Structure formats: structure tokens, C-alpha cells
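Quick one: the structure is below, questions incoming.
To keep things simple, chains are lettered A, B, C and D as they appear, and every chain counts its residues starting from 1.
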Amino acid sequence: EAGAASTASDGIALSNSYAGNGWRQQMLKMWDLAAKHGIAIGAIAKTKVVNSDNSAPQQATQISDLTLQGWKAIVIDAASPTALNGVIQQACSAHIVVVVFDSLATAPCAYKVAYNYVQMGEIEADYVAKHLGDKGNVLEVRGIAGTSVDNDIHQGIVQAFAKYPGIKLVGSVHGNWTQSIAQKEVAGILPTLPKVDAVVTQGGDGYGTFQAFKTAGRPTPLIIMGNRQDELALWKQLAGGPGGYPTISLSSAPGVSSIAFWVAQQVLAGVNVPKTVHVPLLIIRANDLDAWLKAVPPGGVSTPLYGQKWTEDLIAANLGHSALPESPIPTGVP
Amino acid sequence: MLAEIRLPSASPRVLLPAAALVAMLVLIFAMEPRAMSYFGLTLLLNFALPAVFAAMAQMAVIAAGDIDLGLGPFISLVNCLAATWLTTRPVAGIVALALLVAAYAAIGALIHLRRLPSIVVTLGASFVWLGLALLVLPTPGGGAPAWLTTLLAVRPPGVPLPVLISILVGLIGWLLLMRTSYGTVLRGIGGNPRAVARAGWSLLGGRVALYTAAGILGVLAGLALTGLNTAGDATVGTEYTLVSIAAVIVGGGEFVGGIVSPAGAVIGAWIMLLTGSLLSFLDISTDWQLSVQGGILILVLGLRALEERPAA
Amino acid sequence: MAADNAPFVRLAGIRKNFGAVQALAGVDLSIPAGRMVSVVGHNGAGKSTLMQVLAGTLAADAGEIGIGGVERQAGYDVHVAQALGIRCVFQELSLCPNLSVVENTRVVHPGLGGFGWRRRCRALIVEALDAIFPGHNIDPDRTAGELAIGQRQMVETARAFTEAGTKVRLVILDEPTASLDADAASHLLRFTEAARAKGIALVFISHRLPEILGHADEVVVMRDGEVAGGGAARDFTEERLVELMGVVREAASEGGRTETSVGALRVEETGAAGRRLPLRLHAGEIVGLGGLAGHGQRAVLQAVFAAAHGRDGHWRVRGSVAYVSGDRQSEGVFPLWSVGLNTTVSRLRALAHAGIISLRSERTLAEEWRRRLEIRTPGIDRPITSLSGGNQQKVLLARALASAADTILFDDPLRGVDVGTKRELYRHVAEAARAGKAFLWHTTENIELENCDRIYVFHRGTITDEIPRAELSEERLIRASFAAGMSDATGMSGAPDMSGAR
Amino acid sequence: MKQRLAVALEARPWIWSFAAALLVWIAIAASVAGHGAMATIAVALQFGTFYAVVGIAQMLVIAAGPGNIDLSIPGVMTVAGYLAMGMTGEVNSGLVLGLLVGLGVGLAAGVFNIVLIDALRIPPMIGTLASGFVFQSMAIAYSRHSHARPAPLLADFVSARLLGIPLIALVFMALTVLTAFLLRRSIFGRSVLAIGQNREAARLAGLAVRPSLALVYLASGILAALAGILLSAYSGGAALNMGGEYLLMSIAVVVLGGTSIAGGQASPAGLWGAAILLDLVVTMLNVLGVGAGLRFVVTGIIIIGVLALARGPEARY
């Protein structure tokens, strides 16, 4: 019932711009699981993964090569939102289905599996403001300068805080979504800051931020967490203390690669898919924390593995502009 | 055609990388016969142009016995300017690009006058370029000027555009640097600056000339990249720093002594490009793809050492 | 002013200081057209500095410069000098090693650009090489770095005589024969006569006094940055020159050695494939390696050095070995270090306890050798680059002697050392030999071979003769150098070091 | 007088980095009205230690002469960090094994680099770039199997303070002094500096050229591994991208510290000035709330500016 055309003999390739951090590693793992499953059930015939070393020209070349090799669909986690548009257009012209996800490319012909990062910023800012009672000092830990994800989240945070005159952004550093860099940057600015009541983050930087406060001997503020195992474990540990530890974990899930995989398969199958498929953010609240912690190994990144059926529901919800399905809570991630 | 060029002592330096390039092409053609077509080569070598220009720019600096660690971010900056000002305010864009070339010349002059190590000055400059790129274009976007995208989409008869221009660039570089009399003097500066100065030549002028050439070639690399990408991004060129250095060395150049080869640099740029490409043709676990990239570099340069050994 | 009696060059009261060092203390010099003026002086006397002032590559602090009868001091630089037809062959070789001989020729002719410059340069340099060094065997398309040092010297010398546009009026030759063998040197000296006949003025600097007395028209003796005397060359003798230079030593008579006590075998050639005479060296011996430059002497030294460090099967070497190169820039000095550190670097193991060097013993050792070789420097903490070339060479010699090595390999180490210093150094070598050290001494100056007990003569990588000192004669040396007429005499430097011992 | 000052400065090229760091610090103190200014120094020392350790590694390599440079440092840091954490197994009793394995990885990496440079004669800049790819890729493969936190003892050690000064800063200042001493007084150090000035002369002077070069790359590998282990311990575990920023910064620290990129001379003390300077610059710009673009521009200008002031002692022409 999936669609008119059979995709059993098709191949879907993944072009990934960077494999050098835990999130991307988990993303690749989820791709692998989804693709293996897809092959096992006869949904597709083969897959291939090509990584570039965070270099847009190299990734562009590799996409050209995949085009040349005649893959039916190419799924892309892009090194740059703009730099691949030329080759993506080229691939589209060769009647190849192109799906971009996570770090998107803006080429109009590509299907986009998109998080709403502005919304992510808004949600965390709202949470912080509400929790502080519209009064307090907030430090912002940003991602890699010059990326659209960083700008979107930042924009959402600034927009949301505009509604709360009592909240003051007292500092901003770039933690590059990396524990060690976030730790260093926060530690550097911390001595010059007044009391910090909360820290808004972008994920991957919560643990480092906490370490910086701890070594500086400062009271731990409310830190918005990402979805790395160390962040969740930290949350759990802090929550065990007196008075608990209210926060939320907000992130994009590396399992989004499995959504992108199934979206590509659905397009190949001839299903009507909107050009932009919105994906719900992974939001972990206190009552789900234990379930998530159980499912993610040390050093891992929590994520659901999204299945074909779930993706079909997602597409339907996007088409019908209805509420997006909730991310499944994992029952055990390999 | 490139191999026929008579370079009395440099030719063995160029022959080996040329052989390596042929081997890589043969491997790719064997795995993907479609690559052998006009269309296939166009796709395969699509991004050769920015790489070739970048390699030539780096070569100009290495010819002076220097090294440029700022080239990649410089290319990004050109990309950002081309995707914004050059499209919306062409005059301002052209002036800005001209100023960038002048800035390169100024860096060359600074390095000479204050006797600074180029490696660190250009490292500092790389931060400046990146910062300026972010100021020009805080988030990726903009659009390439139409003439640029059209230019890069040209399909000349017989020979694919990237191949054609690569050969042309190599040829022009060879003519200017290896055949003209001033090019000879410039290489002499890399070999024995004092001797050249004592013969009455201005070392300042020479270095400025080479850095100006590097600036112009860097701008061309950025423009070519913009034409291919169709938009701007402040971090897009970063890799070109190391890629261009590796291309010059793989192509038979040396870090000291003004020993460079334009033909070799072009071949080196192609090798670096195809090294990344091979990953998409070979079936390698994602964990080890980086290793393979490193391994190919080691192989190409290691062969050169084996070949040179008997003479040493 | 009549061109006949006005000299082409008139320098007066030239002064030049380098920081606190006064290199030139008011020098006067005239060079008539068509004459060869020879400048002699001890190391550091200021000869090269004076020539650089004349060539326009150094600006004098004070003084008058008149060229062709016109005063020029304001704005006098290398461009002006070149336009006036002044050329200079500098003491340190000034070729670009990455450029071919043809391309190096272009570098010195700023006006020689444009279409077909390569062809024109080739014609120029080939013509000059042929005229000065017949049978030179240098391929003008080879890169300079591939040439042997003697060949590079030939190229550079010939290059100075090439004419493109401006006429050559004066050629300065600063120790042009220091790296040439006797044959090439005599070719050059013969050529200077032809050049003089064409009206070209020449300045010729050398530490080889016979060359000067035999060929120069006039002699100027410099001492400590001043002119100590001068006049027609025929009025001088070697002893008179040496006296004026201020380096008369009691050792002046010590030309050769008399007593030799031969000890244990130190170096032995075991696999003398294709070599008629195997080389041997005993403790207490000084053995010379003669013949034309570039016929395998250096290869032998390098092979012995490598063998001592365990890397050659054709040589058996007993005891430790030290090497002194005459090419101090590329094989000798550590330019960032002081005189002291440069002296002791080969003796570190003995100066160290548990791997840590004793600075006090190091100083003592360096001071001792500075005193013994009379190295001219205000202190051993001064940078080595502040020393004159000859004094730097002394430091290298001190390094080898201080190293306590059993065998010392000399690769023409007294190149560019003044005659007084040389005699002094000969004495040190003889003394060390008496103390049991063995020397293998390659020299391009045949007269130096008189210091050796035996001489092996090289031709095309093989030893063609073994001459005991008692039988040493210029004739026999020359005969062996050309392999006793077995091959044509044009084989000069044909295959530098390549055919040598491997 | 003026000349004597110039000579004194020339002999101490590291002064400039300290002077610049002091200026930046004054700017920070002024802009926060003194609030927390002392603490910023302690923080800069803490993180500066990682720069300094990596800097010692890179400095030894660079001192060994033109062309010598180690671009594999980030890869070595990462793979050593992972293996050390993994082998330690988060318990103090595993520390010895973890450290041994981690440092062993650094040693092996050094050996690999030597093979590339010495046996295969690949220019170090490219050879170590390529080997860095290999090490990084090993870290990626290993990170699939283990991602351990540091043992508590090690974690405490790297963040411990003595009288408000980070303990590891003191430890590695001592190592810096030792390095300076060895460069000046040991046969190995002398050999490295001699080789750096004139390799052929060093060979003919009877110095052990190839072994010394090998030792330099081995030391670099081990120190890079050490830096990786400490950084992992400090930030609660290894991360795949933790080495990235040290690729070019290790060179910047060395040269800003007054070491000549042309080799033959080293300025260990300057590493600390440069490391603190680079940390404080970032802090200053964060404090001033400068945007990312301007931040990079200012950093670049400071690097070039300090360099232009502290032009190395090597004379040219």
C-alpha cells in the first residue's frame, strides 16, 4: 500500500559532510540500521555512505560522483546550506531524488527533512523565563558561528526573551556544540559575569557548561540540556540532589537520518511527499528521563530510530497540516 | 600535452604525479565506465577549477619560499563577496575584490619588510579573512552573479570545461613562471634571494608580484567556487588551505628553494580532487574513509621518495 | 681630463662600519682601465667589503667614488654600477641553485628580457665559458644546484664577462680561484690577459700569492681595513706581501714536514673495485688527495665518514672520524650559535655527565681552542656569523681538532684562508699528526700537498698515482692528474664526484 | 642604551607574548571594572596548559629545522584520549593501564610519522597531515566501542588548584623548564638545535641526525597524546572533535612565543605567554560582546601584530 512503484531494486546513497563528532556518528549508525532494515524487507536493494571532511567542495564532488554512479536517490547532510546547490540541481536534472536533512541545503528541487530551530530557541527561552519567573541573568552558549542552525536558534532565543523584560542576556559565547570548547569559553567569561541564573544552549554543550561552573566554584544554574548521554546523566545526577533539578532536554535527534531514508524511499515509491517535511524536535522531560537514559549507551546520543510506518504518518501529518506525531520513546537502542 | 613540455630538470618531478593521476583515473574508469564520457568527466572534475586556481595561488607563494595558511578562508571571503556585493552592487564588489588582491600584495610586502615568517602572518590573516567573510555574510546565502554561473556551465565541444581550463591555467602558469624572463627571476628569489638582490632586482617587488599573483588566483578560485555553488558561505573554502599545499607538493614542488612546477600543481590539484572522489567509488566503511584519504596521499608521495632514492 | 691617465675607478677615503666593527677605515684605490689590480690581505682585512662598496651592493658610510672620471657617491648603487659596466663575482657564490645556468645568466642582465631571451642567454654564457674555461663540459641547461662547486664558480665567473647591452668595463673577482683546481685557475688567469687587452679593468682577490705575483699588474695590500701598501706587482715578492699583510710568523719557513712516525692502520679501502691503488691511512700520517677538483676525492672523504658511522662496506675505518668542509655555509657553521657552541659541538659526549653538558668544561674547551688557533673574536659568546670567513673556517678546524677524533678528514678546509693563517694552521695539523692523529686531506691547492706524507692523485674517480713526499713534483702531479696521458686533457671536471668511490 | 635594549629584546623573543597578554588582561580588567579579573588569569592558565603541552610538542618539531612540522597532533590527541579513557574504564585502578596505553598510542603515532618522514621521505607537513587522517579515523572506529569518562582521580588532578593556580599549569611549567634545560644542556637538545640550523653541518659534525629527528617526532607524539588524555580528563571524556582547534593553534603558540619557524632555536618560556594571550583574547572579545566576525578579525590582527613586533632573531640576506 506504500505506493504505486516498487523500490525493491533501487539504491539510496548518503552523502555526509562530517563524521567527526558523536552526533554524526550516531546519525550514521541510525542510517545503517534503517538501510539494513530497508534492504532486509526488500524496500531497497543497496546503500552506500560517503563522508567528506567538513569540506563543501569535497562533498560536492562526491555528490557529483554519486550522480555519475546512477544512484536513484541521494540523501544529504550538507556541509553548507548553499554551497551544494549547484550539484544538487545537477543531480535533480539527472532525475535523481535528493533529500536533505539535519544541516539543510537550500536548493529548491531537494526534499527537506527539517527541524524548526527557531522554535527550538523559543521553547528553551520560554521554559527558562517561566521557570525564573521573568527575572534573572541568562548566559547563551551558541554553536558554530556562521551556520544557519546557530543563527536560527539564536534568533528564536532573542525573539522569545523579548517578551520577558525581566530577563537579561548577560553574555554569549560560541561553544561549537562541543563539550570541551563550551567548557573553555564559559570558563573564560564566567569570572567577569554577575550571578548567572540560567544557561540556554544548543545541545552538546550542556555538560561542558556545567563543568565550567563547577570548576569556577559557582552555583549550578538552570542549564538547558541537549541529548548527549553525558548531559542526560548529569541531569539525572543533579535531579537526585536536594530540591531536584528542573530543566528540559531539547535537541535534534540523530535518528533523523532514518526519517530521511524513508522519505527518500517514499518519494521513489511515488508517494506524494511535500517538499518540506517538518520533523518534531526531540524533547525530553523529567518524567521520560529514565527511559531515555536506559536506552543510550555512555558516550552516545539519544535518539529514536524512526521506522517506515512512522515516517508515513509524519508525511501524512505534514500534508494535512495536522499535529506531528510524537517522537517514539526508545525501547532499546543498539 | 603537459608531459611534452621540456623542463630539463623538473620533468621527472612532474612525470610521477602524472603517472599517479593516470592510475587514479584508470581505477575510476574501471569502476565506473560512465565516467569516461564527456558528461562523466564534467561531473567528475566539476570542482577542479577552484582547486586548480587555489593550487596555482599557493604555488606562487611557495615559489617565494613562503607558505600561505590563509588561502582557504580567503577563498571563502571572495565567495561571500561574490555572492553578495558582486551580484547586488557590482561596482562595489569589483572594488572589494581589487582591494583583496591589494591586501595580498600588502601581506607580501609586510613579510618582506619586517622579515616575518609567512606561515604565521598568513595564519593570522586567515582569521581576518574568516572574520570579514562572516561580517559580509553572517549566514550562508546570497546568490552568484548570473554571468558567473552561465560561464561555468559552458559546455565547449570536445573537451569538458574543467579539463580545458585546467590545461589552459597550467599552460599560462608555465609560460609566465617558467618561460618568461621575469618569471625566472621570481623563481630565483626562492632559490637565492641575496644573489638576485645583488644583481639589482628588488626583492620587495618580486615578493609583491608573487603575492599579487596569489591574490588574483585566490580571487579566481573564489569566483569559480561561487559559480559552481551558486551562493555564498563563510566557511566553504577552509579546506583549500591544506588541499592547495598538498597539491603543490604532490605535484613535485618543494617547500624551500623556489622549486615549483605549474603543470605539477595542476596535476596535484586533480589528484587531491580525485582522492576525495575515490571514496565515493570504493566501498569503504565510513569509519575508515579518512584513513584511505591519508593513505592515498602517503602512497603518491611515498612513491616519489622511492623513485628519488637511487639518485640520493 | 685625458682618458689615458685618469683611472677608470677612483675610490678615496672609503669608510664602512658594521655596528662597532670598523671594516673599512678610509681606503683609497685606483683601478686603471685594461689593468688587473690585485687586492691581498689577511682574513677580515676588508677586501670583500670594499668590493661590495664598489659593486654598489653596500653603501659606504663615507668616502668618494669616481667612475670613469665622474664623481658618483650620491645615489651610487648596484643599478648605477651595472649601468657603468661594473660586474662583481662575489666571494660567496651567487647563483640560484634552482635555476639553470642559462637562467642564472639572465638574472644578472636586467635588460635582457623579451622574446628569445633564453636563446640569447645560452649563446652568451656558452661563449663566455668556452672562452675562459675551454673544455669545461658544463651543460647550460643543468640547474646550478646540480653542479659541483668548481663548476658553479666557473659559471659565475663566466657570467660576469657576458655582455648584453652595456659594455663590461670592470670585473671584480673576489677569490674566484678558491674553489677551482690548478688547471681551471690557470685558464682563468690566462683569460684575464685577453680581457685586459680589450680594455677591461679587473680586480683580482686571492690568498694564493703566486697567482697574484704571476698575473697582476698592480698589487694593493690591505690590513685591518686600511691600505698597507701597494705598487707594481713585479716589485713584490711573496715574503714582502706577507710582511705587509702583517702576518709574518716564526712558522713562515715551515712549508713541509720532515719526521713522520707511522702508527696503526686507521683507514683501509677493502673493496677497491676498479681502482688500481687501494687507499690506506695510518695513525700519525697526513695523506693528501690530489688531482683536479671533482675527480672523486670528496666522494672518498664522504665514504670514509659514512663508513666510520657504519654505513659503507668498502671501507674499514678504525677509531672515530671528524670532517672539516671548506664549504662552511652549507656544511660547516651553525649560524645561530656562538663561536663557543660551534667549537664544542663535536665534543659534547666527553663534556657531558649522564647526558648533561657541563657548561664550565665547555667554556674551558672553547677558550682553549680559540687561544690555540688564535681565532679573532672579542669573545667566544659572539655569534659565529660575526667572524670573517677565514676565522669561521678556523672555528671549524678547531671543532675537528677538539673533537678528539682519531682521523680527521679535510675537504679543502683552508679555502679562502689567508696565507699567514694557513701557515699557522699547517703547524697545528703537523702537531696533531705528531700526537697520533691521521689526516686525509683533499686540497685544490697543490702547494698544500707539501704538508702531506703521501699523496694519492685522483683522476675520474680512481687513484692514478701514489706519491711519497720526497718524490712530489709538479710534473708528476700533473701527469697523474691527467692519468698519465691515458685520456685527453679535456676531461676537466667532466663527471664531478659521480664516478667516485661508491 | 637603545641598542642594548634592542639586543636584550632580540635575545628574549618571548617577552612580546607576555607583554601582549598583559595588555589584553588590562583591557579585560578595565572593561569589567576589575570584577573577576584575577580569576580570568587562572582560567587562562588552566586552558593555556593544553596549548602549552601541545606547544612543547610542536616547538621541538619546528626547532628541528625548516619544513619540520607536526600536523598529526589533533589526530593523536583524539585517539590517545579515547584509548586512555577506554582502557582506564572509569576506575582509579585502571589509570596505570589507561595512561600506558594512551601514551603508547602517542609513541606509536610518532613511530609512524618517522617512517613516513625518514624512510619514505615525505615532506613532514604533508606526511603528518596524512597520518593525522589515519589517527582520526582510528579514533572514530574506536569510539564505536567505548566512550568512557575519566577516572575520578585523573579528573580531580586536572582540575585541582594550588593556591588558586591550576595544578596542571604548575606541573607543565615545570616540564617547560625541563624542556628548556634539556635543549640547552643535553646532547639531544643541542643536536636538535644544530640540525635545525644546518642539517648537513650537523651530520658532518658527527651528531646523530636521524635518531635526533626521530626522537623529536616521538616526543611530539607522546606529548600530543598526553595533551589529549588531559583534555579528555578535564572535559569529562574524549570527543571526536576535541583536537581540531589545536591544528593551527599549536603553530601559532610556538611562533608567537618567539620560536623561529626556520628552526634551530626554541623559546619554551614564550609558549606560556602565547597560550595565555590566545586565551585572554577570546575572553576579552567575549566580555566585550563582540560578534563572531569581528572576533576573528581582531584575533588575526593581534597575531600579526605581536609577530611584527617580536620579529624573530633570524637575519635574512
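One rule holds for everything that comes next: contacts are C-beta pairs under 8 Å (C-beta built on N, C-alpha and C of every residue); 3 or more make two chains touch, one makes a residue touch a chain.
On a predicted model such as this, the values are computed, not experimentally measured, just so you know.
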Which chain pair is joined by more contacting C-beta pairs, B-D or C-D?
B-D
What's the distance between the Cα centroids of chain B and chain C, rounded to whole Å?
43
Taking each chain's centre as the mean of its CA atoms, chain B sits from chain D at a distance in Å of 29
Separation of chain A from chain C, taking each centre as the mean of its C-alpha atoms, in whole Å:
72
Within chain B, the set of residues that touch 2 or more other chains is 133-134, 138, 194, 197, 287, 289-290, 293
Multi-partner residues in chain A (2 or more other chains touched) are 19, 53, 145-146
What residues in chain C touch two or more of the other chains?
none
Considering every pair of chains, which are in touch?
A-B, A-D, B-C, B-D, C-D
Note: in the complex, chain D contacts chain A through residues 28, 32, 35-40, 43-44, 46-47, 133, 136, 140, 143-144, 146-149, 159, 231, 234-237, 239-242, 244-245, 279, 282-283, 286-287, 289, 292-293
Chain B-facing residues of chain D, complex
66-67, 71, 116, 120-123, 125-127, 129-134, 136-138, 140-141, 144, 248, 251-252, 255-256, 260-262, 291-304, 307-308, 311-312, 314-317
Parts of chain B lying in touch with chain A, wherever the complex brings them together:
32, 34-35, 40, 43-44, 46-47, 50-51, 83, 133-134, 138-142, 149, 225, 227-240, 243, 273, 276-277, 279-281, 283, 286-287, 289-290, 293
The residues of chain D that touch chain C in their complex are 185-188, 190, 193-194, 197-198, 200-202, 204-207, 260, 264-265, 313-315
Residue ranges of chain C touching chain D (in the complex, touch as defined):
305, 309, 320-323, 325, 330-337, 341, 345-346, 348-349, 352, 355-357, 359, 385, 399, 403, 405
